[in-house]
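Okay, so chain A shows up in both of these, paired with chain B first and chain C after.
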Partner chain A sequence: MTPRLLRWLIPLSAVPVLALLAYGFRVNPREAPSPLVGRPAAVFALQTFEGAPLALEAQRGKVVVLNFWASWCYPACYEEAPVLERNWRAYRDRGVVVIGVDIQDTPEAARKFVRDFSLSFPNARDTTGRVSVDYGVYGVPETFFIDRRGRIRAKHVGGVTDETFRTNVETLLAEPTG
Partner chain B sequence: MIPELGSAAAIVALALALWGAAAAAAGAGTGRPALVLSAQHAALGVFVLVTACFALLSYAFLAFDFSVRYVAINTNLGTPFYYRITGVWGALEGSIILWTWLLALYTLVVILRHRESARELYPWVLAVMLSVMAFFLLVITVAAPPFARLTPAPADGRGLNPLLEDTGMITHPVALYLGFTGVTVPFAFALAALITGRVGDAWITLTRRWTIVAWYFLSLGLLIGGWWSYHVLGWGGYWAWDPVENAAFMPWLTATAFLHSVMVQERRRMLKLWNLALVILTFGLTLFGTFLTRSGVIASVHAFTQGTIGAFFLGFLALVLLTALGLLAWRWDALGAQGELDSVVSRESAFLLNNVLLVAAAFTVFFGTVFPLLAEAVRGVKVSVGAPFFNQVNVPLFLALIFLMGVGPLIAWRRASPDNLRRNFLWPVAAGVAAAAFFWALGVRSALAVLTLTLTVFVAATIAVDFSRATRARLRTGERLLPAMGGLLRRHNRRYGGFVVHLGVLLVTLGVTGSQAWSVQTETTLRRGEHAELAGYRVRFDGLSASEESNHFKVAGAFTVSNGRVLGVLRPAKKFYPQEQSPIAGVDYRLGLREDVYLVLGDFARDGSHATVKLQVNRLVSWIWIGGVVLTLGAGLAILPERKKPA
Partner chain C sequence: MSARGAALGLALALAVAVAVAAGAAAQAPTRRVTEQQVHDVAAQLRCVVCQTLSVADSPSEMASQMRAIVRERLEAGEPPERVVQFFVDRYGEWILLAPPRRGFTLLVWAAPVVAVAAGLLLAAVLLARWTRRRRAAPAAPPVVDPAMQERIRRELESGP
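Let's turn to the complex of A and B:
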């Protein structure tokens, strides 16, 4: 290569670095690696805000989207609440159930949150904090996708989007039953 | 209404910046002053509008307007007044506003100072600065709108990240951003020089003080960041090689290299290409730093926010690097050196080596920071690079740099004669050797510590030799001692400002060496009335107290510290914020020139019968902060206008 052309190597040298940084976008830091993925989901029995019993075991055979939230969690919980409600309505007839677990919250603020967003899927308070400890919840919101056989298959940190919901749920629905 | 006004102001400012950039460039190309004047007015308008954005956002914070998403996230009804103001730049959206505002401020000062003094370069400088401004305004209007609404509006907000509730957070981001945005000025001049082909010394002479200002604020930002880390995070350290710290450190390294290499160009007409490349690199690294902090691409304790912002910054970084380096390649033929290196033993080569070492340090930090990404791209594994790597690679580089700090300012230009070397370095070398013997006799057995202290004494001695010789020369003309010294500092403010900065760096080195080599710590559980001992200190646990603060619940321990006599009561605490899962440590300490006593509260019994405490005695850390003050004085001295020498 002649020296005249060689000089253009200067700007070209930036290209691989930029490419590497661009690659960074393909890595999703929200797909948190969790030792729980692949393990059976810890069972729990809580009471919904309406007073009905809510047990994970009772949902066996369904795909469960288990969402941990709190009323003070802005903005992520505020942004994902409508997403969860919308997708729950869309998928409930296909054997999918969304369960909301409210943690570290006051009952009044939590009820107001459920009312404000007209949440119709079962929501319960984790009054003792045991469920969040069992699931290793680090911060809200966190969402676990549980398959029909009751195993945790994915963990999502941060607000759930339509796309996250659909991709994970469709994958689990596509698996053969039984 | 207020948020809508803010959004509108940002959009108009964006339009003005775009117009200004285009008009300035067109004005420069066609030589029509009216267009440049119009660009100038646009820049003024941008400044006013960005100021308005900043004021409106601050107002939303003070008025607890939780219908603004950004306000709801970063404040709540319990947030104290001061932190409602600093909360404005407590997260991404607001810090971009602060950044843009500072950039607008710099642009204004550039207009005031240089519209007459740099006629050929000025229109292009304006065009570049307004283009950079347009980018940040684009981020404000599209990628990270600070005035976005939140519906339904919550009754109370989440609150600022508790770690940011500290006075250090008032000043640290401001200083750092003044440094980051300040780099834009020399960068704009460098691009203007490349575009116009005036790649001589004019742009360097014009930007010399700008570079010192930017460098100074970067240094200050880093030091305040260290102080914040030391007295807030509660792990007893001030630097962790976290990606975000590295992000601020890399441009500092290349800016430091640039400050030194410009002297070679001024003196010897060498390194033109290198200097331009360094400025471009430094500016690129400030963007890279923001990309790193805000994209979430690399995991970091600091990277709170994520979103499309990363793509914006990466795109702009690509545009900047490809354009600027492309211009560099285009002007290649004009960038040859007029002088040449006469001897290896000369000031030029000392500066050259200094540059190589600084850039090497910047490269290793860069490599270590992006390595996790590289590993995942190439081998698909997740790895993390920790402090050991950075320390191992950088410590030798910095030792060599300290050595050069002694050699560079005194060795002769072109070719150092044996006489020059003897005259300047005999005493400093002797002082260094004596210091080594002294520390050894004192019982210092860490080779690294002895070496560092020896070099520190050597460099300090070179400064003393130079200053006393120059003072004596003035005394011979009949001046008295103090006026002679003062006159020297004032007349040769650039040289002695540099020396004072070097002294500041030596003090920082002393603090880092001392804290690394001699700090001790222990962790123990104490019943009430029991005591622990460490390094001659006795710490007695006197009990716990709980209090309800405006936005958190605080449990504090009382520990009486004594070393023969009672020194005082320290009250390390744990703070429970409703929005945080785990409590935040509130450390307490007693600072001293020799050592700090530093307490962190661990677990405790609710009835106050016993508590676990981490007790540290950190050696010489205060000298880091003192070094920062000295550095400030030196930088201040160096940017004073140079006095015309009497004819």
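Let's turn to the complex of A and C:
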């Protein structure tokens, strides 16, 4: 090994380490692929803010848009709330249901959020965190698109836009029923 | 009530009691779980909202809810590895604070070992080279040209 080669070898050996670090630090864990996509959606039974029972199983046969939110999640949840409401109204007659699950929140702030945005789709609080864990939720907002057979088909991290909603829902609606 | 009726009633009551007891046993095979056992599992899991802390160390509400789930599953008799797997199934391997020693993440475990080995090898090579050079140096007689030798001799003789 000549000294000249050695002089180059030492800094060069740092390159793979730097590359690994660069890769690791640029990966957002929230965007890491969810192991749940393609798997059956975990069933849950919650109670809406109005006190009505809200069970995922009761929605079988419908395309379900399951949205996790919190009143402190600003601005993303505030931006997507009108989007969800608008699209729920547009699609509800086509066999689509939007379900909102409020996590890590106080009931007062959550109720105010639902009121402020006049959300008419069913919303419930996950008081024990069990639903959040079952869906591997890292933070809010996160949205799951569930097909008619009850399987999770897509996970969206961050605020839902009209386009995200439509693209995912239309794909699932286009699939043959049953 | 006839004797037959009483016997039937007794049998029925007994059957109900057995069924209830069996149901209770099946529903809650609770075992005693210590705080330490919950901690041991929670310490392996990353707190999903704070990310740099473990579920055992995080004061967040999410972490405390996750600890409750860990406790509940341990109490139901699930072995610790299965409880950890429960979270991996939902969050992916990212939830583990220590990456698994296989596949791509094996690199994280192997890299320090490889780096230390490479460093030791390099140090050994360099040390060998330096000692060889130093040992070789005194073997050669010092080269002083005759003019300088002559000058030194003269100055030593002339004295102060």
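The criterion applied here is as follows: the second predicted complex is superposed on the first by the 146 of 178 C-alpha atoms of A that agree within 3 Å, B and C clash if a C-alpha of one lies under 4 Å from a C-alpha of the other, contacts with A are read in each partner's own complex, and residues count from 1 in each chain.
Quick note on the criterion: a contact is a pair of C-beta atoms (placed from the backbone, for glycine too) under 8 Å apart; a residue touches a chain by one contact, two chains touch by 3 or more.
Computed from a predicted structure; not experimentally measured.
S.K.: Once chain A of both complexes is superposed, is A:Thr128 in touch with chain B (first), chain C (second), both, or neither?
M.R.: In the superposition, A:Thr128 touches chain C alone.
S.K.: Does the superposition put A:Pro35 against chain B (first), chain C (second), both, or neither?
M.R.: In the superposition, A:Pro35 touches chain C alone.
S.K.: With the two structures laid over each other on chain A, which partner does A:Gly139 touch: chain B (first), chain C (second), both, or neither?
M.R.: Both: A:Gly139 reaches chain B and chain C.
S.K.: Could you say whether A:Ala22 touches chain B, chain C, both of them, or neither, answering first, second, both or neither?
M.R.: Only chain B; A:Ala22 stays clear of chain C.
S.K.: Is A:Thr177 contacted by the first partner chain B, the second partner chain C, both or neither?
M.R.: Touch partners of A:Thr177: none, neither chain B nor chain C.
S.K.: Which of the two partners, first being chain B and second being chain C, lies in contact with A:Ser118: first, second, both, or neither?
M.R.: neither
S.K.: Where on chain A do chain B and chain C both make contact?
M.R.: On chain A, the residues that contact chain B in one structure and chain C in the other are 10, 13, 20, 29, 33, 104, 138-139.
S.K.: Quick one: in the complex, what on chain A touches chain C?
M.R.: Residue list for chain A touching chain C: 1, 10, 13, 17, 20, 29, 32-36, 104, 128-130, 132-139.
S.K.: If we count contacts the way the header does, which residues on chain B are in touch with chain A in the complex?
M.R.: Result: residues 69, 72-73, 150, 152, 154, 156-158, 277, 288, 291, 295-299, 306, 310-311, 314, 317-318, 321-322, 325-326, 328-329, 332, 370, 373-374, 376-377, 382, 578-579, 581 of chain B touch chain A.
S.K.: Spell out the part of chain A that touches chain B in their complex, as residue ranges.
M.R.: Residue list for chain A touching chain B: 7-8, 10-11, 13-14, 18, 20-25, 27, 29-30, 33, 72-75, 78, 104, 116, 138-139.
S.K.: Which residues of chain C touch chain A in their complex?
M.R.: Of all residues in chain C, those touching chain A are 48-49, 51, 61-62, 65-66, 68-69, 87-92, 94, 107, 111, 115, 118, 122, 125.
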